[in-house]
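By written order: A, B, C, D, E and F. Residues from 1 in each chain.
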Amino acid sequence: MLLHLSTWPEVERYLTHRRAIILPIGSTEQHGPTGLIGTDIITAQAIAEEVGQRTDTLVGPGIPVGMAHHHMAFPGSMTLRPSTLVQLLRDYVMSLSAHGFREVLVINGHGGNIASVTAAFYEIYEEMRLAGRDTTPPLRCELCNWFLMPAVAALQQELYGEREGLHATPSEVAVTQYIHPTRIKIAPLDPHPGTSSSFSDWRDFRTRFPDGRMGSDPSLATPRDGERFVQTAVAEIVARHGDFLNGV
Amino acid sequence: MLLHLSTWPEVERYLTHRRAIILPIGSTEQHGPTGLIGTDIITAQAIAEEVGQRTDTLVGPGIPVGMAHHHMAFPGSMTLRPSTLVQLLRDYVMSLSAHGFREVLVINGHGGNIASVTAAFYEIYEEMRLAGRDTTPPLRCELCNWFLMPAVAALQQELYGEREGLHATPSEVAVTQYIHPTRIKIAPLDPHPGTSSSFSDWRDFRTRFPDGRMGSDPSLATPRDGERFVQTAVAEIVARHGDFLNGV
Amino acid sequence: MLLHLSTWPEVERYLTHRRAIILPIGSTEQHGPTGLIGTDIITAQAIAEEVGQRTDTLVGPGIPVGMAHHHMAFPGSMTLRPSTLVQLLRDYVMSLSAHGFREVLVINGHGGNIASVTAAFYEIYEEMRLAGRDTTPPLRCELCNWFLMPAVAALQQELYGEREGLHATPSEVAVTQYIHPTRIKIAPLDPHPGTSSSFSDWRDFRTRFPDGRMGSDPSLATPRDGERFVQTAVAEIVARHGDFLNGV
Amino acid sequence: MLLHLSTWPEVERYLTHRRAIILPIGSTEQHGPTGLIGTDIITAQAIAEEVGQRTDTLVGPGIPVGMAHHHMAFPGSMTLRPSTLVQLLRDYVMSLSAHGFREVLVINGHGGNIASVTAAFYEIYEEMRLAGRDTTPPLRCELCNWFLMPAVAALQQELYGEREGLHATPSEVAVTQYIHPTRIKIAPLDPHPGTSSSFSDWRDFRTRFPDGRMGSDPSLATPRDGERFVQTAVAEIVARHGDFLNGV
Amino acid sequence: MLLHLSTWPEVERYLTHRRAIILPIGSTEQHGPTGLIGTDIITAQAIAEEVGQRTDTLVGPGIPVGMAHHHMAFPGSMTLRPSTLVQLLRDYVMSLSAHGFREVLVINGHGGNIASVTAAFYEIYEEMRLAGRDTTPPLRCELCNWFLMPAVAALQQELYGEREGLHATPSEVAVTQYIHPTRIKIAPLDPHPGTSSSFSDWRDFRTRFPDGRMGSDPSLATPRDGERFVQTAVAEIVARHGDFLNGV
Amino acid sequence: MLLHLSTWPEVERYLTHRRAIILPIGSTEQHGPTGLIGTDIITAQAIAEEVGQRTDTLVGPGIPVGMAHHHMAFPGSMTLRPSTLVQLLRDYVMSLSAHGFREVLVINGHGGNIASVTAAFYEIYEEMRLAGRDTTPPLRCELCNWFLMPAVAALQQELYGEREGLHATPSEVAVTQYIHPTRIKIAPLDPHPGTSSSFSDWRDFRTRFPDGRMGSDPSLATPRDGERFVQTAVAEIVARHGDFLNGV
């Protein structure tokens, strides 16, 4: 059930027996020569919708631009400042809390968002306390990074081994191929992408990873793999966060 | 051409001959008993994509939550504070400006956003000046409210007359029916919706407009009408903003 | 009745039967070779005081500096960032609300302020809701742009036709001549001022409008015209906003 | 020379040989049963204009609302938060600095503003350093509290002794009587106003000082005294800040 | 070498051959019936100083109050909002960067700080980029959570097993005993402290963990253990971050 | 009694009969060729702890970095922006207020902090009022600048006369020698340090005061003097603020 495709009376009915909502967050950033710039929100959105369907949970609006400072040397990348994301997520959650939502599950497609989303949760909690506006039952926010879940990591390893890499990975590219099969991009890939795992700043990032990949081989991705990643992630999210979504 | 479905080399090529980008903005708010909560971003997104296609202009990520304070008495409505939207749009535009984008056309689906988006443009311009970071050619931002354009207003009048109303209108509902034909909602509509054109605060809003409509009759909407509204809006946007999109 | 020329017991008495207050806002910006830099606050202040007198409404402190980014290439122009104006107006209105004022009419002398003042109203409403501090009756804020009112526009057209122009107009200059008859400035005016209605940034503004006028001929202004503009504006404000000022 | 009554070419000429500007700041707060709510800005404005005239220095727009938290239990008092005043003054000064102003003298009529104005100066300096935008010669800001200057204090003592008190003092009331002789208010004054020099919060303030005066007897004020205070203050400001205003 | 116990010429000499600095961050929060409220900054400070000595690296001022929202039901706990910590750390690092420091190692004693410190790093990087103030070599910030390092975790397991718990742990208490042997507190400890690993809000935290401990048995702590933890942490930090501290 | 060396049950007991807390604030800035960069927090901390002991008052965490913009041309100096300090102190005090602390005495070691700390107090008071969160008894904040107290000034004059100077003074250096006798620094001192009492910006500061001293001769300092300054300051603080610390 998608908030954007629902009416307010439908939400009103939902709130008579449920209090949970799912919010997808991604990033708008380069994903190598063949990866879509919207990869992180596409994957988060797809998985969030599937979790929503499987658990009858409402899925709210996504946050398509996240923390992508280090990708800013590549055209098309966009980034928020953490202070902006904190206020943005605060407004999202405070609005939802006013209607009686009490469990907010943020499904995240981008590692760079983890810190700022978590900081936003603290900001929300603390602002509620300072304003004397704590609710009963209390508002609870959880973050789920689908690409880091054990079963997903196991499948990454099984399918691609170390060619999974760290950015513009075949697993995330596969998910976008599954969701947008008409947008599969092909480009020559240097067989030896930057393999450093560290870098200093956004300028240095492009020097070390000239085509944007971090040790990955996205040419391995297939739409069929993407489907498996979605199913694996969804199953694990349901197993781990199902109680939370049911207000337990 | 959608930024999210492009790769960074594709954006790099685009920037060799074009500098414009389109950003859709909407709202997440009640639209009466039958209108989708995501109506304003759905319409803005659809029109933005069509303008993008017609003019070969890149379409960037949307802003799905806007200024909806007055709808907060209806479940599912979400709102930003203007101060948040200003910083959010600032981060969007500053990121794009860094890559060489110089014309930003915001296509807006919600009247409540007009002031804050315009204020955000001023904030962006002034911060660039204060930082000594003005560009040559200068960054330019324009706002287009599709639902207020003369040709669109004429069609609203022609099709619905005064039953168009002010909120949860048949014209915007029609566009969502055209885009999401499987999500057409049916509900009994009081034949005499609130017809006041004014209200005081968000609590008073629900008292005056109990089902969320402001004098509108969205039961008149049809998907076919929606298609006409999209075509009309797109044609007028191309006519009025085409030069801007081409950097003239 | 001017707040600044009243005592607190006088305000206390006022509040026993009235809840409205008027706030003038202007700008500190170039107004061509002969227009005063304070034109926009001078006009707003004069009209606000007259409306206050005609309706027995209290007039509060003005905001003399507004949104004037595009005039910053002309010496003496000053501008706020929109984010500053939002917080400033928030503090004004929150202070007044604490005493029981419930209707705030902002009389504005500068087009560039419209968006930011409107955004400030939303910010105020939303902060009150978030803090659980909504009042009964609710706080209401209205914006009145005197120079855009139909009767004023008609008089502009009648007196000056297209030589009214868009900035440093004879109508606003006339009002300042009426208020400050000893400060009428005379300077040679290029008969063909910039007639573009668009510009890109503050640097481009001065290129297109070298002496600061936008298609206007302020040499047409007379103090007598100014008096008529004040009377016309005041009459229309009383007609349109009188009920609001009386708490209806 | 008043910025608001000047044209931009006049300011341009001024800047060819001068770089100083004076900004008056006051407060909008209760001043006892007979003192005007605008007392602090009226006095600051009057003295600033006289200093401007005596030294041929430009006087910019005033800040009529300042730090008046402790007076908020009295109707009509208004206050900024310090964080708002810091940003407001930052925008004022940054605008002026862009045109080449280098010496900013803030003439202040209210003790409660001292800390926040001084903090604003630090904020301005530090933001300029952080942005790499320091100017040569450097921007300098000075604060002058006219009511605390030694010659003024001597005159307060001479005329009123300990009946000068701490707030709603005869000296400041006298200045407003001199400036607005038609607005002299008369009201019975308790012969024993609160004489505590301390208080805890804004609620306690009204308990200790029921009519708003802090140990003062404003019934002693006369317009003639007011004129002497203005002359005394102006002479001392010229003596102490004259070099500064001349860029020395 | 401690910044606070150095002179500026000493820092100037240091900067001729080194560019690194260490900043300790902790928290001011309850640590159970026997743990010191300053535990997290005491441990971070002690370890930071020892790392500084071992590597000849300058140690800057600490941040004693961090993110402790969830402990606010216990007297004496203090917390920042994440937005405050982001700006605070930004000011620290920007100041240091201006002098030529390029490697900033934050040694952290509190899990709750991880997200906000990391978000602060992104904010700093992005503000530098937006201001066009990136340095060469680039500024780099790293976060080290001493209590999570593998060798430390192994020692926790070896000494205390599962009685290490999650908060007010014997390992951190031991370090404070080593540093402040005269401040070893003794109090009766419920043998069955709350063992939940989750909680909802700050009120629920105290319900689940009535004396503040999360499954820990700090009675196991000894000063001798504390010394081992310091040595173990320092050795591992030197091994893992030594190159960074040397600018490699 | 130090908060950092206490447990939460100890604070709970303290709060049954006391409501006061002391917060030391200093600065991290150059103090001439022989003065420690941490001088201002070292002195404030030492005096705060002694006052705490003498009056059985809890001493909370210090703020080691303050307003030091003008010292930024000297390596090792660090500065906050005033807006950051305001939010930081707000978080400190709001946290303490939630536990029932009602008197907060800030003991300050640096003149540059006075304005921003005072502004922070206003911000705190006003935010509490705006949120409808005023307490009974009310929260009260006081600032004590130890180095400006009359008895301290008398001792400065007695011991050093005009060689006390304005910055990097023998009195503050003496206190650091008393607290850190092993860190007494010796360096050649120009017998004629800059004697100007004014300067324009941070760059000009270093030009006028090349070694950082402002007319002072810190070579006069002795640890024995430092002890006398601490005792003098503590006695005077107890005399002047003792009632406040006892909630009177």
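The rule is simple: contacts are C-beta pairs under 8 Å (C-beta built on N, C-alpha and C of every residue); 3 or more make two chains touch, one makes a residue touch a chain.
None of these values were measured; they are calculated from a predicted model.
Common neighbours of chain A and chain B under the contact definition above: C, E. Between the contact lists of chain B and chain D, the overlap consists of C, E. The minimum number of touch steps linking chain B to chain C comes to 1. Simply put, chain B must spin 180° to overlay its Cα atoms on chain F, rounded in steps of 5. Chain centres here are Cα averages; for chain A and chain E they lie 29 Å apart.
Inter-chain spacing, taken between the CA centroids of chain A and chain F, is 46 Å. Counting partner chains per residue, chain B shows two or more touched chains at residues 72, 79, 81, 83, 87, 98, 129, 131. Counting only pairs that meet the touch rule, the chains in contact are A-B, A-C, A-E, A-F, B-C, B-D, B-E, C-D, C-F, D-E, D-F, E-F.
Taken in their complex, chain A has these residues touching chain C: 94, 98, 131, 133. Chain D contributes residues 67, 69-70, 72, 79, 81-83, 86-87, 112, 114-120, 122-123, 125-127, 129, 134, 137-140, 200-204 to its touches with chain F in the complex. The touching residues of chain D, when paired with chain C in their complex, are 2-12, 14-15, 28, 30-38, 41-42, 60-62, 64-65, 72, 74-81, 83-84, 87-88, 90-92, 95-96, 98-100, 180, 183, 185, 187, 212. If you check the complex, the residues on chain F that touch chain C are 129-132.
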